[in-house]
Amino acid sequence: MKYSYFPGCSLKGLGRAYEESLLPVMKHLGVELVELDDWNCCGATAYMSVDEAQAAVLAARNLAIAEQTGPQDLLTPCSACYLVLNKTQHNITDFPDIKTAVHRALGTARMTYSGKTNVRHPLDVLVHDVGLDVIKEKVVRPLKGLKVAPYYGCQVVRPYSTFDDDWNPTTMDQLLATLGAEVIHYPLKTKCCGGSLTGTVPEAGLRLTYILLKEAARRGADVVATICPLCQFNLDAYHDQIERRWGPARVPTVYFTQLMGLAFGFPPRQLGLQRNFVPMKELPTERVAG
Amino acid sequence: MQIKRTIKYEADRVRGFSKEIMSVSGCEQLQSCIQCGTCSGTCPLSIYMDFSPRQVMAMVRADFKNEVLTSTTIWLCASCYACTVECPRKIRITDIMYALKQRAIQEGIYPRRFPIPVLAREFSEMVRRKGRITETLLVMRLFLKANWRAVFASWRQGLGLIRTGRFVLRHERIERRAELDAMLATVGDGKAGGKEAS
Amino acid sequence: MLDTTWQPRIIAFFCNWCTYTAADLAGVSRLKYAPNVRVIRLMCSGRVDPQFLLEALARGADGVLIGGCHLGDCHYVEGNAKTLRRFLMLKRLLADLGVEDQRVRLEWISASEGDRVRSVINEMVDQVRALGPLNLPGRFADWDREMTGLEAQVRAAEPQTAPKAGELTHA
Amino acid sequence: MNSNGNNGDLRIGFYICHCGHNIAGVVDCPAVAQHIAKLPGVVVSRDYKYMCSDPGQELIAQDIREHRLNRVVVASCSPLLHEHTFRNAVAAGGLNPFFFQMVNIREHDSWVHTDVGAATAKAKALAQAAIRRVRFHRALEMTRVPIHPDVLVVGGGITGIHAALTMANGGKKVFLVEREPSIGGHMAKFDKTFPTLDCAACILTPKMSAVRAHENITLWTYSDVVKVEGYVGNYTVTVRRKPRYVKEDLCVGCQECIAACVFKEPKFPDEFNVGLGKRKPIYIPFPQAVPQVVLVDPERCIQVRTGKCKQTCLEACADRQALDFTQKEQLVEIKVGNIILATGFKLFDAKRIPQYGYGLYPNVVTSLELERLVTSSGPTGGEIVLKDGRHPKSVGFILCVGSRDMKTNRWCSRTCCMHSMKLAQLVREHTGADATVFYMDIRAPGKGCEEFYDKSLKEGIQFVRGRVAEVTDWALAPEEEGKLVIRVEDTLAGFVRRIPVDMIVLAVGMEPHADAQEVRRLFNMSCGTEGWFLEKHPKLAPVSTFTDGVFIAGCCQGPKDIPDSIAQAGAAAAEAMALIDKGYIEQEPNTANVMEEHCSGCKSCIPLCPFTAISFDAPSQKARINEALCKGCGTCVAACPSGSIRQNLFEDEEIFGEIEGVLADA
């Protein structure tokens, strides 16, 4: 199995632990990732607020590179990138004006795009291409007794429910259960974490983060598993401020790939787990073993 | 007690504004809005907005351009797409919010001391120059421009980032910047955001 | 000889039970569509004789649209299936004659699909407009030659159709 | 080349209708009339405000007499609407009504175009086509088909019951076929009916018994229609009677077999109580069921499944011997002249809107479930209780669940506003709980309904205008602990609210049955895009279909309340009886016939006819068409390689004439 790989800016910066855990996990499962040549920022939500046509061009350049160099399945771990690339893909087919603008722009670099790139999320690839059976075989240290709140966030499941239900997605639930973890009923799994508002308008954004954490704590979660670098940052980095405003809600938040890595037996440092503000406790299994 | 006159006259409407928004790709469904309030009910941030998303839809449809573009609503949208998915009339509300943000930035009539439009502009500026985003540098620029005091409020976090090795100061950039430049130049003036930057 | 005022002329054969009714529904719903299509009502799309189509094109139509009930929904059980068979054969013939694929079209539109009447007509008018005039009467010299050949072929296969095919040439 | 010589000189009268502004607003009618006046054979060409009015029709008749017209063309609305009107007018003038052709310039022109020039040009072209066509018309006679006097009613809900009783009272023999083991439909499950709050059972059960007792009604429950052949006046219908494992004529409904069943306690979800109650494998659907006959659930009964039961039920039924485990499915064929479909609706599956938590939170129920809880004959004896047995202190009613929603069903289900208000009133009456109705728009146009809305307001029911975004079980405030929380924008007050309640009632909408498409195929009708059966005309023929002799009534045609359903049932019964009492139906003489002198006997037409109307006459070596069997589709005409089959009303010449006319430059 071979995929093009679009890390996105976050995975090179604040979300580097995501990449640090994703790459070894994928490799361990025999999935080959080819980083997209000279990829650029997807445009994200901020760019769309400024100029929609330019945002489409930014995303389209990446889609076009993937189509040209192949493989045409483009693995996109960051939720925002996933949404923006997907949305551009849809818009190019749905709206002739956007298609024209994009083609004109790509033409300046003698590039074309015929719409063949498939934007894929690692969760989708792991559950549907690799398969839970294969993953199960690799589990050497089951996450027994670890209560995990599966948190999908918004932009992977909305507005296009590509590989999972938009209201009650279950792929990560299945994956975590395969790792041996105890997946708790977490009805907030697709609620918004506040996005960039946690930084810009904390009184609004941080409260969303707080509710997510509080509810995870109330339902007895040891850890929140996330699939998005922004969600991870929001749920991890603001505990001080949250505590000051509303009281404690101290549940660590890690990437689902980090949990996979642990179950596969990688040492925590190799998975970037040391980068958390609120560190995850050592695995109960380790405690039992040691 | 301060009182405020809230009546609107016909002259307050900017005729053609609703048409303009509805002509944006995917936004024509706004015509079907029945004001049910699902968008507001489902929006995690509507509780902080001066006008609820539903009210914004009504105001757009009635051509109240200035009222909409100066509202905090459009800037509080976190693009979680909950409204778009839940809307019983299949209105792409998030996309309408984008269309409104773009116009607010173009016309420079967004709320002044509000950091979000600044973030959007700084973000696009960095992408245009480097092709990629370096988040920590972006946030620093944002704080400097919007609210330098916030830098001190967040010092603890900054330290945390440095401690966890996530504070990146080296600019991420792409190789073929000229290529990207040329592409972006074909759409718009390549300098969206423009002169209201101050 | 570019005529900017040229408007495509399309003849439509609609079955009484589904597509004609759907066109009525489009009217009742006040849907707006291009005014280039003239509808001829038949009881069933199965009544559409290939001759009708050829006659229409020979008399200057730029396109022909046939509308019937969805397969399985025919008021007469399977008239539309017969139409489909006939239509596919006719298409091959027309392709040989140099009539572009998009000029003749067969659509299943049920009585409730007024909106589809609109979209199909608009789409077809756009396509035919893009192709430009078919102008068969104007190209009659060529046609006569080709039709004589066709006639010979048809006569060879089914001797009885000859008198009717003859009509086309003197139109 | 045609025989128009028989009719002497052509004298055509042309009339274009303004239809008020409907046509004249877009088509320049006088210009069309002037244009047509110049065509050869046209003697009279007029435009007139309303051609279908009495003076308009009289104008045609008068012109025929005065100007000796022998052809008439009217350009107005769709022939499907007024062709017969103008044919009558032509006949009134003393001319054979088939010397008439209609041009549709309203539905196909003025209503769908805006450009006056283009629309007028189109009207001219279409009119020209008719002028050319009509010259080939011939004198024809309507054909008459006798009507079988018996009627089939499909569906035994209140609509089917009323239709059957109406016709049976009028002396017609009626077959009433119901899929479920009892008639009564949805109405039998209701406690009270809005807006009068009269008891549903009190008004329904007498009618159910009347059906059972009526000498003119043959009632077949637990049965469905599997095959329909023939046409108006002469349908042959095959009904499948599923085995009840009980002989209907022997069972008296004493229910001792149920008591004796080896299952001591009811164990299986009870369909009538929408799963809220339990029943045994042998059961009677509900106490007032008609017929009062038990039945055996083949999926649950040990004897049916394995043949190894002690069969205590048989012992209990010793004397009567009504039980019969050898019963098999039966196919019965009946002949009827007309069919009325009253197959009703199905309720929306609330699980399709996951944000309301149906199926996840036990105290989220549907309106029908609450209806069963309110009813004194229901599973709780009329007590409204939560799943843990407590009484609710607050109940929220969410409206438009699966209605007015482009992601599920777009239509308004029409009854849920009133139904929910009724339930809210009953909840307040029974428990004193707070009731809050969450609505988008209150739709109360029925008689007495607005007054009922006012009564609800006065009784203290809260109304919040806003479509509920979600129902959750997580608390953000102390009063929300242990409750279901509704998040909604109160659109009239202008802010988002979180409202904790104990119980949530989802007003699930109506939708077509899952098998509506198969049923409509069976009866050769159309469905709208939504899946409701399509009426012939939304205003003028609301219970007729495009298939003559097949009528629709009640909710199978679209959501409606009980009064409207009953009204349609009566209307459908009247339409069917009108046909029966006339004794025959006139049919378009659009049959095909073989011109024997040209037929080569190639037989290619014979397999094309789905009605086996074409046969091969061996002595003459020619094909022959039985006009009584021919339905007039014209498929054989188009296929005949020698062109020796013709179709009345759709002759080749007539259609070539139309093609020529439509393309002749205006």
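For reference, chains read A, B, C and D in written order, and residue numbers begin at 1 within each chain.
Here is the rule we use: a contact is a pair of C-beta atoms (placed from the backbone, for glycine too) under 8 Å apart; a residue touches a chain by one contact, two chains touch by 3 or more.
Predicted model, so just to flag it, every value in this text is computed and none were measured.
Participant: Measuring between mean CA coordinates, which chain is farthest from subunit A?
Facilitator: C
Participant: What whole-number Å value describes the gap between the mean CA coordinates of subunit B and subunit C?
Facilitator: 52
Participant: Need the CA-centroid distance for the pair subunit A / subunit B, whole Å please.
Facilitator: 23
Participant: I'd like to verify one number: the distance from the centre of subunit C to the centre of subunit D, where each centre is the average of its C-alpha atoms, in whole angstrom.
Facilitator: That gives a centre separation of 33 Å.
Participant: Find every residue in subunit C that makes contact with two or more other chains and list them.
Facilitator: Answer for subunit C, listing residues that touch two or more other chains: there are none.
Participant: Provide the list of subunit D residues touching at least two other chains, using ranges where the numbers run on.
Facilitator: Answer for subunit D, listing residues that touch two or more other chains: 355.
Participant: Going through subunit A residue by residue, note those that touch at least 2 other chains and give them in order.
Facilitator: There are none in subunit A.
Participant: What's the complete list of touching chain pairs for this entry?
Facilitator: All touching pairs, sorted by chain label, are A-B, A-D, B-D, C-D.
Participant: Any idea which subunit B residues touch subunit D in the complex?
Facilitator: 32, 34-43, 46-47, 52, 54-55, 86, 88-90
Participant: Going by the contact rule at the top, pick out the subunit A residues touching subunit B in the complex.
Facilitator: The touching residues are 9-10, 12-14, 16-17, 38-41, 43-54, 56-58, 61, 83, 91, 94-95, 97-98, 101, 104-109, 154-155, 158-159, 166, 190-192, 194-197, 199-201, 203-205, 208, 237-238, 240, 274-277.
Participant: Residue numbers of subunit D touching subunit B in their complex, please.
Facilitator: 355, 400, 404-407, 440-441, 465-470, 487-491, 494-496
Participant: Please output the residues of subunit D touching subunit C within their complex, sorted ascending.
Facilitator: 78-81, 104, 106-109, 111-115, 118-119, 121-122, 125-126, 129, 521, 524, 526-529, 534, 538, 546-547, 590, 600, 608, 610-611, 631-635, 637-639, 641-643, 647, 650, 652, 655-656, 658-660, 662-663
Participant: Report the residues of subunit B in contact with subunit A in the complex, numbered from low to high.
Facilitator: My answer: residues 24-26, 44-45, 48, 76, 78-82, 84-85, 92, 94, 98-99, 101-102, 105, 115-117, 119-121, 123-124, 127, 131-136, 139, 142, 146, 156-157, 160-161, 164-166, 168, 172, 174-176, 179-180, 182-188, 190, 192-193.
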